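Just so it is clear, A, B, C and D label the chains in written order, and each chain counts residues from 1 on its own.
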C-alpha cells in the first residue's frame, strides 16, 4: 500500500508518496503561514490531492511539531503554530476520504530511521533530534512509545543542570539548553565576549558586526579553528551525557542523532560517544548502546508520517 | 493458574503462592548467604518445593536484585550477591520441573503495583523504588519495559547534578545520591555537623555518640522536629524533580513511589508532588501524571515475580 | 574640610557638599548623556562649580560605575558609559583647581556606609550592592581594598553555578545572575510561564500583557502573594550563599546589603541570613558576621566620593 | 634580628632560626602527638630552647593549622589537633622569655612566599595551598589579611558547586572538594570504577588490590598515562576556576600555588592558567593576575612564622 506522508513546518508543507520500503516516489511542497490555520488545512489538502492524482493511495500520515493526542487526531499544543486542541485530522478529513493519522514530527522522523534508516536492524532505539532545540522519539520492542497522553520523548527537557540556563519552557537547566543548535550558537557568542582572540575566526566568518550563528561555528570548525572545535566538543559531551541518562532509563541498543545540527555530526560524534561512556552507569556490566548519525536527513518526517499511517 | 513468586534478598529468600488476583495464599522464608551461590540455589529450590507441597503450581518467577538477561534466564551482574553471568534459571531447573523466569526485583515490584496495586487502573506507569538507593520499573502500554539488554529502568542513575555527589556506580550526581534513603541519612549527618542546634532532636533519637540513620530522621520528623521535616522536604523535592525528567521521557499516567523509604511517604509526598510540577515541562499544555504511594509494601516482589511467571 | 562628592549615573549627575560627618550640606543634579563624554565632563565641572559658589571646598571625589585605575585618575572601562582608558581626573582638572580623585561607585557607596552608615562601628566590612547586577566594596582593617589594578570587589562575578545562567560578562553562573534585581525579574517572568496560576498576582500588578519588573514582584510580595514571597525568599538565599563565600575569604564582621533592591530588604533579609548560616563553613568554631541593610540609600555615592577625596 | 619559626604538624614539629632575608640558618625537628596538648607545648619549648642555644634570637613565631585569634595568642579551633580556645602563646611564654606570636600555618606559608619567594616583587598576592584540602593566605597592599576574627582566607570553602560533593566542613560543593589532593585521589579511584581500562596504569602503580593515592596518579601522569593526565587537567581547571572567583573579589597581581600537591605543579599549572582565564570576568578590560608555583616548599611555614614574629 502506498501512503501520503505530510511534514508540516512553520512556513512550508512538504509531502510525498511513500512506498512500503520507505522510498519517496513523488514529492510536493506548499507555502503556508503559521498564523493562518485554515490556510494550513487547505495547503495540506492541496498537497494530498496533488499527490493522489498519480498514485493509488491507501492512507495519509501528517507530522506536526506539537503535542499530538494519543488518539492521533488532534494537536493539543504547538510551539510555533497557533494550534490549541485543534482537530487537525477531522479538518483534513472533510476534504480527503482516506484514513488519516496525525503524528508528532520527531516521532515520525524517529520512526523513519527505525524502519528504514540507521535503526532498521534494531528493536530498541532512541532518536535524538538536534535542531534549534532537542526533540526525540523512542522505540521500545519495535513500537513507538507515545506515552499516556501522547507527549512522551520530550527528551530535550531532561533536567541536566539545577539552576542552569533558562529554557523556553520556563524551567532551568533542560538538556536542550546545552545540547542544541541554539546552545551551540550561544556558546560561540559568549566565547567571543570572553575570548575575542579565540573567537576571531568565527566572527570573521559571520562577518564583523554580525551575530554568529551555528553554521558559522561549523564552518570555522571544519577549517580547523580550535575554538570552534572546542565548542563542538562541548556540545558533543553534553549530548553524550544526556544519552547516558536516556540509556539508564530505556536501555536502547542504538541511539540515533538526527536533526539539522547532525549534518555537522562528524564535528561532535566522537565527543558524544566519549561523553556517553564517561557517564554511562554500570559500564562494564552491560552491553553499551551504539551512537550513530541519522541517514535519512530531511526526508525522515515524510517517510515516517507515511509509514505510521499504515499501522 | 497458581504460581510461586520468589524474592531473593541479601540474607533471606521470601517466597509465596500467588494466585491470579495477586493474592499470596501461602508464604515461606529461608535464610541464605550472599557469598554462597550454591546455597542460594538450594534455598530457592527448597522454598519452591515446600510451597508446591500444598498447591497446584504452574510456573515459578524469581526476582533478584541485579541485571537480568533479556531472555530472563541469567543474572549478568548483581551489586550485593556474587552473581556474574550466572545461569540462575537453569540451576533451579535442575531440581524444579516447572517453567521458570528470572526478573529484576524492582521490575517485579513495579509489575505487582501495576497489576494489583496503585497502578491497577492505568496502562502507563513508572515505579520509583526508594530504598538505600533508587530503582524502578517502567510500564508502557501495559507491558514491562525491559530494554534491549534487560537493564532498562535503572532510573537511580539519571544524571541530576553535574559534578555532584559521588555515586556507588563511580559517577557523580546520580539521582539516587539525592533521592534515596542513603541521601536522607547523609543529609541528616551533615546537618548535625553544620547546625548542631538544629540537629539535636535527630541526634537524641539516634542516641548521643551514635550515627543518625534514616529511621531516626523519620521519627524526629513525625514528632514535628523542623530540621527533620526540612530534610524530608528536600528529599521529596529531589524525588519530584527526577520524576519530572521521567515524565519528559515517558509521559506516564501514574508515578508510584515504593520501597522502604516510602513507608515514611507522608513525610515527603507533598514535597515530591510540588517538586514534580515545579519542574514539569509544558505544564498547562499536557495532562499531568499523578504521584501516589505504593500499596503492596514488601509483598510486591513476591507478587510481581509470581505474576510475571504467567506471561 | 568640606569636599564635593559627585556620583555619575548613566543619564544624570548628582553631586553634593559633604562635611566631615558625612552630611550633605547642599545638593545639585545635572542631566547628561552616556554617549557624550565631553558633555559628561562639562556637567561634572558645572556641578562642582555650582556647589563651590557657596562653600569653602578642599577636594573633589568623583564616583563612576567602571574600572578605575589604582592611581584613581582614569576610568579603564565602563559598562554603561563610553569611557575606555579615559583620563577623567585630568579632564576635570582642566577646569577645577582642586585635588580630585576618581573612585568606583560601589566602592564609594561602601565607604560611605563604613564611615557613616551601617558599618560605622566596625573595621572589617563587606558591602554587597544589589541593583540590576551585584557590585560591592570591601573594607579591610579600616582601609578600602582596591586590589592590584583597582578592580577588586567585583563580587557579582563570583562563580556560583557551573554551567549556570549566562552573565553579561560572557561567563556562566556568576553570583549576580542569581542575587540581583535582574535575577528577581527573570525568576518572576519564568514563573509566570511555568505556573500561570501562581504568577497571577504579579501579572495583574504589572498589567496584563506587560512584562513583570522587579517593583511588581515587590508590590505583590508586600501584599502577601505567596509566589512573590517565594521568589524573594529564593533571592535572599542566593544572596546569603554568596555572602558565605565572601566570609570564607574575607572574614568580615559585618556584611551590608545596599543598592536599589535593598529598598525591599525586609522581603529577603531573613532568607539571606538563613542562607548565610546554612552555607557558612566552620560554623560554631568562629564568630559569625552580621548581615544588615544599608542605611544611607542613594546618598551613599555622593557621601563616599566626598569622603574618599579627603584621604 | 633573628627569630625562631615553628611549624606544628600533626605528628612533628619543625623549627628553625630565620634571618631577615628569610634564610633558615639552623633547623630542628621534634616528634609529637596530636592528642597530647601538654606534649606539644613541651616539644615547642624544647625546639625553641635548642635553637636559641647557638643564636641571638629576638622573637618567636608559631604556625599552627587552625583558627588563630586576631590577637595572635590562642588557637580557637584546630581540625587535626585537640586545641579548642587554647592559649598557646601563654603556655609557651611560661617557659620562653621572648615575644611570641601564633599564626595560622597557611598564612605563615603565604607570608613567606610574599616576602622571600614567588611573591617577593608584588604587593597584592593570594597564596593557594593545595594539600589534602585547600587553604590560603591573602596579602593586600603588603599586609596579611587576617579578617575580623582571624579566620580570613579559608578559601577552600568557597562555594563552587551547589549540591556538590560533601565537604568535611559539613557543606556541599566547597572548592577543596574539587581542587585538592583528596579530590585528585577520589577522582582517580572513581575513574577506575567507571573505566577500568583507562585506570589500569594508575592501579598498576598503586599495586593491584591497593587503593590509589595522589602520588600514584602523579607518577602515572609523569609516565604519560592519558587518564592520569586528564585527571590532573581537571584538577587544574578547578583550581583555575576558583582562582577566577578570588580574582573577582581580591584583584591580586599574583596567585601562588603551593602545598604538597604543588610539587606536581607542572602537571596542572597550564590547565589552572587556562581555567583561570576561561572564567575571569572582565577579561580584556583589566590586567590579569599571574599564576605561579610556590618556590619555598616545606620551609615556607618556618620562614613565614619566623618573619611574622618581627612585625
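Quick note on the criterion: contacts are C-beta pairs under 8 Å (C-beta built on N, C-alpha and C of every residue); 3 or more make two chains touch, one makes a residue touch a chain.
Owing to the predicted nature of the structure, the values given are computational and were not obtained by experimental measurement.
> What is the chain whose Cα centroid lies farthest from the Cα centroid of chain B?
When every chain centre is compared against chain B, the largest gap points to C.
> A-B or A-D: which has the larger count of contacting C-beta pairs?
Per the contact counts, A-B leads.
> Between chain A and chain D, what is the gap in Å from one C-alpha centre to the other?
It comes to 52 Å between the two C-alpha centres.
> Provide the C-alpha centroid distance between chain A and chain C, rounded to the nearest whole angstrom.
About 46 Å separates the centre of chain A from that of chain C.
> Counting only Cα atoms for the centres, state how far chain A is from chain B in Å.
34
> Check each residue of chain A and list the ones that touch at least two other chains.
Answer for chain A, listing residues that touch two or more other chains: 161-163, 169, 171, 194.
> Chain touch graph shape: choose line, ring, star, complete or other and state it.
Topology of the interface graph: complete, with all chain pairs in contact.
> Report the residues of chain A in contact with chain C in the complex, numbered from low to high.
Touch residues, chain A against chain C: 161-166, 169-173, 178, 186, 190-191, 193-194.
> Of all residues in chain D, which touch chain C in the complex?
Within the complex, chain D contacts chain C at residues 67, 76-77, 122-124, 138, 140-141, 143, 145-162, 167, 169, 171, 174, 241-242, 244-246, 248-253, 279, 281-283, 285-287, 289.
> Over in the complex, which chain B residues touch chain C? Could you list them?
162-163, 194-196, 277-278, 283-284
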